[in-house]
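Shared between the two complexes below is chain A, which has chain B as its partner in the first and chain C in the second.
Right, the complex of A and B next:
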């Protein structure tokens, strides 16, 4: 089952108005979204109740719909690992400090994981199928699989699919206690060769259709997941079988994040299966977060449209001329591996 | 009434609204400031939190929350009752 990406939208730590010509540089242990002026897409009266994560999701979804020329999707299917963390924190804090009394509804109604999908639907007046997958680092991939099945039922449909996750002060403090992050510059992250990475956040949305048309920017050829492989050898076996089914690729995009413990498996398998292939990366641009593979799909689609991967994203070698086929291989904590194949239209 | 306007702006996160933008007799809901039913709940909590005033009869709500002036008059009346 495959689909065509007909519109893309992204809100990320990179300023999309100048990316990829200019890369935003960060120094620290987290990369926050370069907030666009959300009033472009959201009425001031409505924006006041929205947390950052909702604004990111609404903006990215609107950009992708505009890009696709689709006013009303037939489904909204998205993924998020953390959901609306900031408002969950606000609500829980009030619960404690106000001793469960005089609790206001705003933070509560914004604290559920499917609030973003709901807000997108409310603003569009879209009463269609609306589902949010909360499957940790596989949330994007499950949203994509559901989208593909939804398109399989009726090829005339258009699906708005995507993902969003945010960092909050609380979540960053708690996750930092696990030793996940380090203080560094994002521009040197992938060469740092120490433990820890930079936390990230963002939202990317896509309009998918089953049929190729003038709007089609790339083909979403395959989506696969591998959970908790016993060894690098199991990842290699899975990838070999994947390549046998789908053929060789021009470029590999890996989820390298600058943490030696996470990046080792990429190096091992690249040497074995992709020794001559150019390799790109993306987490020095968006940071590490569970739905970061949505940013990689956005980047891959941009590269396929231009037939070239931006130099700022290249990790090894140069982008091939006339780029046609990209494999995105991302993993989080070596447990959640995903393989997403994109092909030029 | 100026304090009340600031409290409302803060409680409802009325971005880009300043106290001087809200008229004392301007309707708070619908065509006025454009507040809605969720804001009404926030205003009920505001009265309790900032002024220790509860609304005994929910049917009085539309009259109490009609404008800044009606809210201020209700707060003053309730506080005078308990003084």
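Right, the complex of A and C next:
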């Protein structure tokens, strides 16, 4: 099972449409998206009523459709770990403080996890297959796998797939109490050698097709997940088998987030399996969140198109010349590992 | 992509019974599960009847073999998923490449609500163990870990159609040879969040609900979990499966975030797509388990879509939500268990409290329980917020 990425769109803490030569700098414990002018894609009257997470998802999906030259997809398949946190928070707050009295429906309506997928369909008038995966750090990967299988049933289809997650004040306060974050600069995050990371958010969408054509930007060659490996050794064995099936890669993109506890396993296994490989990273650009691997796919696709990874994304070594094959290896809390292979067209 | 997807068994816990056998008895004896809530604490308790699972969390935790402080949604899920597996006669789960694809709509919200009371007064307060399983996927993982499933664990949330989509994803995994067996379905416990949410939409009935009845004025919420076990041809060889999942489709109504289009565009496309995949004609369907929530808008849209697809001959049909209430993320799973087991036994489920023919459509739901009907194919519908519409077809 493989597919071709026909278009990409991204709304992130970096500039939206094109990966810049210089990166946006942040200092703090969270990085919010650099909001594009949403009026490019959404009617002004609707923007006012829409939650931030819906705007991000609608914008990224529209950019990817435009990029692919596809007006109407044959499926909308997305992932979100947290769903619509802002509206969930608003409704919960009123529920508690008003003691279940005098509540209004707007926040509840926009709180369901399929709100973004539904809104994208509604704005496009798209009656096609529509699915939302809500499985933490595997949400993107499940959406991709469902997309690949859906394309396998009819190769003429074009699938809109992607992910979105947002930070709210409530979610950031609560997640901070778990000790996940630290106050630092994103530019030095990956070299910080302390515990904690920076929270992030954003949305990235892709149009996938089964057939390669002039529009194809990269091949989505494989998607795999490894759930709760017993040890780093099991991760290594899994990766070894993966590389045996798919061949060596030119560049590894890891999900390093600047937390020494999380990053250790990348170092250990790189030393064993990728001693000479250049390594890129992306969470100093978008922050840590469960669907951040969608940002990495967006970054990897652009790099394959340009045949070069921007220097700002390199962690170890320099980007290979004539970049052709990238493995994205991301994990969350060492329990959820994902392996996504991209190949140049 | 090739091969059949078999239903090897199923399990259910809901407002009319702690297992499938108890639910069947409730249908046969015409005993719906609605009443005044005993376990959910809400100011609306006297106003809105609900179909609660008739056990407190202490009892459910003991049955599930899980800690009592975990979300009720996980406890219900574990009980039904284990019943589903145990009903199959398959070997130990560890012998297979196994998956759990579970749906829910609000994750561990029942615990988050309690957390927020303390947190909103002082944001350093509230016990973190009450929010650590807030995410939908976390609830699924508690159950996957307890069952010992590691090959594939995933969670889907498309409002009221969630669990039907879980069956589709599981079926695709099997057809593509990625897994041998998948426990697929959904779970949701009652929460104040959803009760109040539906109340703001003014679609909760203060009486027991009356789906597909002209006097209908809204839905009753319910809770529970329902799972089927999907297996490949190879895994099905050693057992007597109930039936096959022969067709499925998911379409979007693309009309309104919460309301259905008057003519039920998405409903029609989902039912038509599922029939097409199974290679069947409408006349082949022997029974339809309706989405049938009991709201004016939902039942009218679903009814008109059925009329468009099935006229002039309509199979027996009923909404089992007239017994179980609307169990949201669980409903597609619970109703898939009823539909698939019903196909095996030739069961037509009754629609409780039906009195008055709907003006919009020329058919009426079945009102009596019957067994031994000779049909070869049944359909189960699940339609939800966000325009998400899904239909499943089961075949002998």
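Rule of thumb we're sticking to: the second predicted complex is superposed on the first by the 342 of 345 C-alpha atoms of A that agree within 3 Å, B and C clash if a C-alpha of one lies under 4 Å from a C-alpha of the other, contacts with A are read in each partner's own complex, and residues count from 1 in each chain.
Everything that follows uses one rule, which is that contacts are C-beta pairs under 8 Å (C-beta built on N, C-alpha and C of every residue); 3 or more make two chains touch, one makes a residue touch a chain.
Note that the structure is predicted; figures quoted are calculated from it, not measured.
Looking at the shared chain after the overlay, A:203 reaches neither chain B nor chain C.
When chain B and chain C are set side by side, the one touching more residues of chain A is C. In the superposition on chain A, contact of A:291 is made with neither chain B nor chain C. By the touch criterion defined above, A:104 reaches both chain B and chain C. Shared-chain residue A:47: touches chain B; no touch with chain C.
By the touch criterion defined above, A:343 lies against neither chain B nor chain C after alignment on the C-alpha atoms of chain A. In the superposed model, A:330 makes contact with neither chain B nor chain C. By the touch criterion defined above, A:186 lies against neither chain B nor chain C after alignment on the C-alpha atoms of chain A.
Chain A residues in contact with chain B (one complex) as well as with chain C (other complex) are 103-105, 109.
Contact residues of chain C toward chain A in the complex are 1, 42-44, 105, 107, 112-113, 116-117, 119-120, 123-124, 128, 131-132, 135-138, 140-141, 144-145, 150-159, 165, 169, 172-173, 175-176, 192-193, 196-197, 199-201, 249-258, 265-266, 269, 384-388.
Chain contact summary for the complex, chain B toward chain A: residues 11-16, 34, 38, 41-42, 45, 48-49. By the touch criterion stated above, chain A contacts chain C in their complex at residues 1, 76, 81-83, 88, 91-93, 95-97, 99-101, 103-105, 108-115, 117-119, 121-122, 124-136, 138-139, 142, 146, 149-150, 152-153, 170, 173-174, 177-178, 225, 227-228.
Chain A meets chain B in the complex at residues 44-45, 47-49, 102-106, 109.
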